[in-house]
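Structure first, commentary second.
A, B and C label the chains in the order they appear, each numbered from 1.
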Amino acid sequence: MQPKYTPQELLVRLKSAPPIDQIGTHERISKIQSRSLKGPAKLHGLRLALSMIDLTTLEGKDTPSKVRQLCIKAQHLHGINPDLPKVAAVCVYPTMVGVAKKALENSTIKVAAVSTAFPSGQAPFEVKKLDTLYALEHGADEIDMVISRGHFLAGEYNYVFDEIAAIKALCGSARLKVIFETAELDSLDQVRRISDLAIAAGANFIKTSTGKIQPAATFPVVLTMLGAIKDHFDKTGQMIGMKPAGGISSAKIALQHLLLVKEVLGEAWLTNEWYRFGASSLANDLLMQYQKQLTGKYQSAAYFSID
Amino acid sequence: MEILKTYKLYIGGQFTRTESGRSYQIQSASGQAIANACLGSKKDIRNAVQAARKAQASWAAKSAFNRSQIIYRIAEMLETRKGQFIEELVLLGHSNPAAVAEVQSSIDRCIYYAGWADKYQALSSSVNPVSSPHFNFSVPEPMGVIGMVTCQETALIGLISQILPLIVGGNSVVVIANTTKALCAISFAEVLATSDVPGGVVNILTGEVAEMLPTLAGHMDVNALSLAKIEDHLSRNAQEAAVDNLKRCQLYNLDYFDSKNQGLHFITDFQEIKTTWHPIEQIAGGAAGY
Amino acid sequence: MSTTNWNLEPSLESTAVVQLKDQYELFINGQWQAPKAKKYFATINPSDESHLSNIAWATEADVDLAVKAARNAYENVWSKLSGAERGKYLFRIARLMQEKARELAVLETLDGGKPIKESRDIDIPLACNHFFYYAGWADKLQEAFAGQQIESLGVAGQITPWNFPLLMLAWKIAPALACGNTVVLKPAETTSLTALKFAEICQEAGLPAGVVNIITGYGDTGAALVVHPDVNKIAFTGSTAVGKQIQKACIGTDKKLTLELGGKSANIILEDAAVDQAVEGVINAIFYNQGHVCCAGSRLYVQESISAQVIEKLKFRLQSIYVGNPLDKNTDIGAINSKKQLETIEKYISLGREEGAEIYQPACQLPSKGYYCLPTLFTDVAQSARIAQEEIFGPVLAIQTFRTIDEVLQKANNSPYGLAAGVWTDKGARIFGLSSQLRAGVVWANTYNKFDPASPFGGYKESGFGREGGVHGLSAYLKITN
C-alpha cells in the first residue's frame, strides 16, 4: 500500500483542524435538545429514524438462526403498520454475512459487516485484511472497520491512516465505515483529529463506537464528527456519511440526533445514504412512539416484537 | 537679599512654566510675598491630561509590588525634605507644632498607602461561584486618568490623602492644587520627581480653580473626578460638564488629619470592577467548578 | 425515502396559566391604588399587536405617594428588622417566584416579545436565583465590608428597561432590600406586567406595606422619581442618553447613583479559536433576545486568515434560526419589543446599506402582524461606519476583519462604551493578556452572554457605573465609610 502522506504532511494536515471547546459544544447541543417536535414533524422524524437504522446483532452467541430472525424483523418492523419504512441495513459479524445476505436477497436492505478484528482491532494487519476479505467475498455491501486505537493514541497517525487506506482499497464498491471507539480516545480534539484522518484516508462513513464500550455515541462526540464532515464538505464538496452507534436506544435521543444533523449539516444528509444509527433496541422505541402519535395512546412493549 | 523661588507647573515629569506666561503671587499669612506661582491655563490642563494619558497604562502595568516600592520612596523623600515642608507651612501661617504634625501625618499617610499597593486587589476581588461550568472572577482595574481639585483648607495632608489612593491603584492624575497654599503642592512635585514616580503619573497645576476646572471636568479623555470642597457653583458646573462622558465623580469634604479618613474605599472609589468568564472543561465525567 | 423539508411544526406554549386583568393600578403601600390623574395607557403584545391590558400612568402626585410609603416603611419597619428577618422575606419571595415560574415566563413573552424558551429557561430562573442569592447576603453585610462602617441608604428609586423586565427588577430589588433599603420601582412602559405580577407576589409573601412600591408609566414618571427630594438612591438601566440626564439631575443631591447603560461590545475571534463554538458564540452574542441586550456582541472582529470561513459558517448557521411567534417553543428570535424599536433597527439597516457594507439576511418568512426583524449580518464594515459605532439594540451584526492582535485590541477599545467584550482563542496566556487590556466591565472568553447572580455586571466609560450582582453589587445599596 502507498501512503498518501508523509508523516510530516499528515501531521500538518491534522494540526490544521480547529480545537474543539467542550463547554461550547455542550451548549450547542442543549439548544438543539430544547427543540420541540410535534405532530406531522414528529411522525416524519420517526419514519426517517427508522429508515436509517443499521439493525445490529454483534454477539459471541450469534447463530444463523438469530441472524435470520433479525433479517425478518428488518423487513417487517411492525406488522400492523405495513407502510413503515424498512431499516437501512443489518449489521453482523463476517461469519454471518452469508446468512444475512441470503435472508435479505429479495430486499433492498444492505448487509454491513464489522471487520478488522472488531471490536478491539488488536490483530495483525494480515488478519484484519483476511477478516475484511471474508466479509466482502460473502457479499457484504458495507464494511464497518475499527481503527487501531493504541496506535492512534501513541501518535502513530500514519499507521492508522495506512490501515484505513488499505482496507478501503479492498472494499471496491462496498462502502467503508470507520469506527473510532471514541470512549477510548482522550478528548473532543482527538475525535476531531481522527475524523479528519479517517476522511482523508478514504472513509465513506465515520462511526462513533463499537457499542461494546460506554459511553458510546454521546452528543458532543457526534457533534464534533459532524463538524469535521461539514468542514470537509465546505472544502471539497464531497459528502461523508455519519453513523452514531451505541447507546441510542430511545426515539427522543434519535430525533435529537436528526435535528443535530439538520442544523449542522443540512437536510441533504437526512437520508440513509448519508446517515445511519447503529442500534439494536432503538427500532422498537421508534415504533412505539410512532404508534403513540397515530393513536394518542402511550404504548406497551408487549405489543412490539423483540428480535 | 533672599532669592524668591519660582514655582512651576509639574506636567509629564517636567517642571514647566505655564504656556500662558502668567503668574500670581503667593503670600504668607502676614501678607508678605513668598513666591510666584504659575497661573495655569486651559492649555496647561490639556497638556497635563495628555501627559497623564500617556503615562497611565505603563504605570498600571508595573507590578503592584513595584508601585508599592515607588510610593514608599515618596515617603522617604518626604522625610528628607521634612524641614522644607515645615518651613513652608509655617510661612503659610501654621504654628510650628501644627506644621510638624501635618508633615509627619503626611509621611505616615504615604507609608499607609504604599502598603496597600499590592493588597487592595485581594480584598476587592472575588471568585464568583456561578452555576454554569465557568471560571468567573472579578478584579479591580484603574479607571484611568483622574481629574482632581485638592483640599482647599490644607496645604499638604489633603493633597497627599487625595492623590495617593488614586496612584496606588494605577491611575494617573491631573491635580489642580490649592490656590493660595500652592507651595507645598509644588514642593511635593519635587518630591515626586526625585522618587521614581514616572513622569505624567501625577501632574500638578497651580492657578485658579474657576479657570481650569471647567476644562478638566469637560475633557473627554478624563475618566473621573475627585473634588474636594470648593465653591458650590464651581463643583456643580464641574459635575455637569462631567456628564458628557459619564465621568465618575467623588466629592470629598473630609478632615484628613483624622486617620479614619484613610482607607481601602478611597482606593476602590477609583477602580472599575472587571468580571471575566471562561469555560471549565469537564474531565473524567466530573463536574468542575470553583 | 424523501427527506426534503423536514419543517418543525409550531409548538405553542399554552397561555392558560396567565389571567390578565383588564386594568392594572399602581402598587403603593401594599395596596392597588388608582392613579391620581386617572390616566391609563395600553400595553400590547408585540408579536401580533393585540391589546393586552391597560396600565395606570403614574404622575408626580403618585410618585410622591409611593416615595412617602417607601420612606414610612423604611423608617418604621424595614430598617428596624434584622438582616436575618429581611433575608427570610427575600427567600420567601424567591420561592413564590419559582412556584409561578411558568406564569411569569408566559407573561414576559406575551408582553415583551421574547422567545418563550428564553423567558422560561433564562430570564425567570435567573430572576428567582437573584432573590435567593441576595437573600443570603442580608445578614452577612458586615462580613462583606470588614473594617468598614455600612449603613442602608433609605429609599431607592429604580427604573428598569424593557429587554429583561423581571430579571432587571430582580437585579434592582433583591440587593436593595437585602441591604435594608425600601424601593419605588418603575418598569418600562412596554413591559409592566411581570413587575405588577411581582407586586402580587410581594403581597402574597406578606412583605410589609411600602417596602416595595411599583409605579407604572412613561419617562415622565421615571423623571419624577429621579428628582424626588426624598429618594436616596437612583438605580437605572437603559440608554446612555437617559442615563446622562439622570446623572445631571442628581447633581447637588446626596443621591447615590448607579447606571447600567448602552454598549457596542466587541467580540473577537482569533485564528486559533475553536471555530464552530466561536460561531455559535457569535450567534448567541448578537441574536439572543432579538439583540435587545445592552452587552450584545454587536461588533464582530475576525482575524483575516479565517474570516471567509467564519462568515460562511455564520451565514449557514442563520439558516437554522427560527424567527417568529415568541410563544412557539422552537422560536429563536421573537418579536421586536415595540414598533418604535423596530423602526430604529430598520433605520440602521438602511444606514448600513448606504454606508456600503454588504448585507446578508436568511430567506425566512416573517409573520404578517407584529414587529419582526430578520437576523442581519453586515460584512466589509469599516470602523468608521455608524453601524459599527452606535448601539442598534437589535439583531444586527457589524463584522470587521483584522490582521494583528495589537490592531484588534485598539479597535475593540476604540469606542465610547465599555460594557462587555468577547475573546475567542485556544491560547490561555493570550486570553489573560487580551482580557486584562480590554476596557470593559465583563469579558467573556470562549463564551458570551452568560449571566449569574454571583457574577458582578456593569460597564466602563459611557456604559455606566456601579455593579449589579455578586458581592460587588452590595456597594450600590450601602453607604460605606471607615
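Brief remarks on what is shown
Following the convention adopted for this analysis, a contact is a pair of C-beta atoms (placed from the backbone, for glycine too) under 8 Å apart; a residue touches a chain by one contact, two chains touch by 3 or more.
Being a predicted model, the structure only gives us computed values, none of them experimental.
Here C is the chain whose Cα centre lies closest to the centre of all protein Cα atoms. Set against the C-alpha centre of chain A, every other chain centre is closer than that of B. With centres set at the average Cα position, the gap from chain B to chain C is 36 Å.
Mean C-alpha position of chain A lies 68 Å from that of chain B. Centres computed as Cα averages put chain A at a distance of 44 Å from chain C.
For chain C, the set of residues touching two or more other chains reads 446-447.
The set of chain A residues that touch two or more partner chains comprises 21, 23-24.
Contacts with at least two other chains are made by residues 134, 279 of chain B. The touching residues of chain B, counted against chain A in their complex, run 133-134, 279-282. Across the interface of their complex, chain B is touched by residues 129, 147-148, 240, 243-244, 247-248, 251-252, 259, 261, 416, 431, 435-436, 440-447, 450, 452, 454-458, 460-462, 464-465, 467, 470-472, 480-482 of chain C. Residues 1, 3-11, 117, 121, 272-278, 280-281, 284, 309, 312, 316, 319-320, 329-330, 426, 446-447 of chain C touch chain A in their complex.
Residues 124, 126, 128-132, 134, 136, 138, 141, 143, 223, 232, 236, 239-240, 242-246, 248, 260-265, 272-279 of chain B are the ones that touch chain C when the two sit in their complex. Of all residues in chain A, those touching chain C in their complex are 18-21, 23-25, 27-28, 34-42, 44-45, 47-48, 51, 85, 227, 234, 258, 262-263, 266-267, 270-272.
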